[in-house]
């Protein structure tokens, strides 16, 4: 059969990335605590296509994914990226994984625990300019409005907020480390399971630690500035305002 | 050209609904205050297909929609439903419209105003058993947890909650009426624009009116039980808990 | 500490369902082929709340989920439902699980295989009227338009379509069985991994088996009418039309 | 009342962007054909916050939006950006608008017309480095696989594909121009309303113009390279493969 994809293309245009998008796959990740964690990922895999080739070979991406899915170590994604370059005959390869990551969280007083989900995204590439990797986590926290607390005779509006941290790393940072960093930067962490004594604790702790959306991103940025493994970061917070039908939002991006 | 759709089908199976789904269209709605309101709708249109026909004629749905989109009066959707039955040669027709509805909302103290969006859904049908219509609105409100208030020395967790009300009507109820009904059933309405004096008011009002998710749906249900134009309703509330990464939810359904 | 939830409520309104919504959890399912399958579920858990109680106890839902998540057998969800009734002191309990289910699929000629995802939903309840369970699967297939084939000198438009099957069962039907049933009812099954010889096969097979959206739902309905374990079903197909920016849709619902 | 937001912050961290996110608003846009077009937008508005201020004033964003929403000319967004800088006392302002844009489309043979929706996004900023604006449109087209056509005895798989074009402009390009450019780069444009003679035309036209996802982005890139008003562009195509449950994807980004 004719291999149309391998034919010559005369338009003189490299394609930056070509491949498969939004394939869902069960994966097994390496996990700081338990060693291994099963989850489900939405995955994109691309390679660069030089200007003289008409097309890439889409089925090979799925073959490579299939070979690696039962053991994806974010610390060793380079193996996959190298295999992509080789099997797809390209000088640059890219992989993007979005998944829920689960951690056991203990309630602050009762100590009762359950799993909580954190949305994560890993983007890795390998090419002429070397390797690049950006890890993004989304951590839900509670924020209580300093202005509302100050001006009101009692109470203060508060809400669920999502802190998004993206880091470019020269050495891997554990997902668990970033989650803990983020949880310390709102008015209070949030939990999957709270008994009454825990609910009292969380309510009072958040009232004692009011934080604007601006405070949250500054709190996180201050800590990441001191983190040597991180060469670039972006931190945003989106507060699902309890008094509005829209969000308050702030973002800080820094290269180091 | 052959009309495949009109061919005979021998499987002896009526199709309950067949047509077009998820077409987006600009529409003009009748509005209680200003007379007319422009918005964008996601629309489904279906007819019943008798067992002896192979297929329906999809382009006719778009023709009918196109003729009516610049003036959709929820009080006169019957015209569209009748036209669907006639042009598609069917004994039963269905239309579903999902859209954002906008109302001007005044802040409670400063009186400053801006537009707020409410997600709505209208489902209408006309057939052998007569006409049926269900209107659904989603109203964001603030809820403050009675338990958190009671057990904590200060503060109380609160959050944005979405009240969903579906009503089956013998006589049309205005969208505006349902929104106002819902807004009176949480701890406080929420607003697009609040100055500092308004924020103080909303914070204190919500602290004075704590409500569980159970209270919210009971508050709404009590009011709908007394509304004569409504023959059936379903009310749910989804509280985007500020202390968890999941929602609290309650629902009451009643026929009258 | 005061137990506000257990206080008396005088509004005389039972709440049909109250509980937690949209909690994400890693689960392990029983699987026809491999015995066990790890995936991630979005879960709702509710109980009925009698009119005289003010509120339910939300943390207990998470405790129960946590105890069972590492081994959820859809054939034994009854255990969870019974535990919910007991621990939440209610006469009726409900659980809803949405998850991606993965199956190894072999390409039709080359025999090469990879995993394909199928969105599933399980809704179970246990109450005074006994137990009820509805399983829903979404199966992507290829559909090729009979009209386009008939009237065109060459080619025929085709597209990805999603067949949704919901079944109410007196005896459990395997997810795998429903997937196979659905895949036989479009113009061709679709696959995660196809080599050139497979692509030729799928292209020609779909051209040889044109099917309207009406044909797809009738094909499925005919088969489900003969399935004794199924007491009620709803089958719909949504065709992501390649010639429009909207879908073609059909649905058949039957009680037996 | 105390103005907490205006207090001093000592952490020495500028915030790149702070403001409101995901507010929905009815807007009126300038339109090449009819002069004005009503639609609904999801809007983000941000300013830069200097390191010495604790917070911004969120209500002012909504005030500004409210003043301008009934007449948003993408050619004059600069007015809004300047007002944001002034009223929020900042040296840099940002606005992001996402909305459905509607155009009347005529079927290729019958000439029958209806509205088709195109998702658009406009991102504008004004600051020390001058003004920047990026317009993004998403245009659905039909793509037919060249490989499938070549290797199969008859037929060829085809599907709906979304072409995304982002352009940075020194002079505004009309949304209508970008849509027409995109529609000429797949196997065939798609339409809201097609009669049988149109369906035959579209089926045959797409069969005569097979295009890989790689071809689509190269076709668009070639045309944008010649467009003087555009200083930078990114074009991607996402093909909702009819033979897989995932997409084929390609992207080209170029500065000029």
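Labels A, B, C and D are assigned to the chains in the order they are written; within every chain, residues are numbered from 1.
One rule holds for everything that comes next: contacts are C-beta pairs under 8 Å (C-beta built on N, C-alpha and C of every residue); 3 or more make two chains touch, one makes a residue touch a chain.
Keep in mind it's a predicted model, so treat the numbers as computed, not measured.
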So which chain is farthest from chain D, going by the mean of the CA atoms in each chain? C
Rounded to the nearest 5 degrees, what is the angle of the rotation relating the C-alpha atoms of chain C to those of chain D? 180
Cα-centroid distance, chain A relative to chain B, in whole angstrom: 34
How many angstrom lie between the centres of chain B and chain C, each centre taken as the mean Cα position? 25
Multi-chain contact sites of chain A, meaning residues that touch two or more partners: 1, 23-24, 117, 147, 151, 192, 194, 196, 200, 245-246
As the complex stands, chain C meets chain A at residues 1, 3, 23-26, 37-40, 59, 62-63, 65-66, 69, 100, 102, 112-115, 117, 192-197, 200
The residues of chain D that touch chain C in their complex are 116-117, 140, 142, 144-145, 147-148, 151-160, 188, 190-192, 194, 196, 199-200, 202-204, 206-207, 240-246
State the interface residues of chain D toward chain A in the complex, per the touch definition above. 1-2, 4-5, 9, 11, 13-24, 44, 46, 49, 54-56, 58, 146-147, 150-151, 212-215, 217-218, 221-222, 238, 245-253
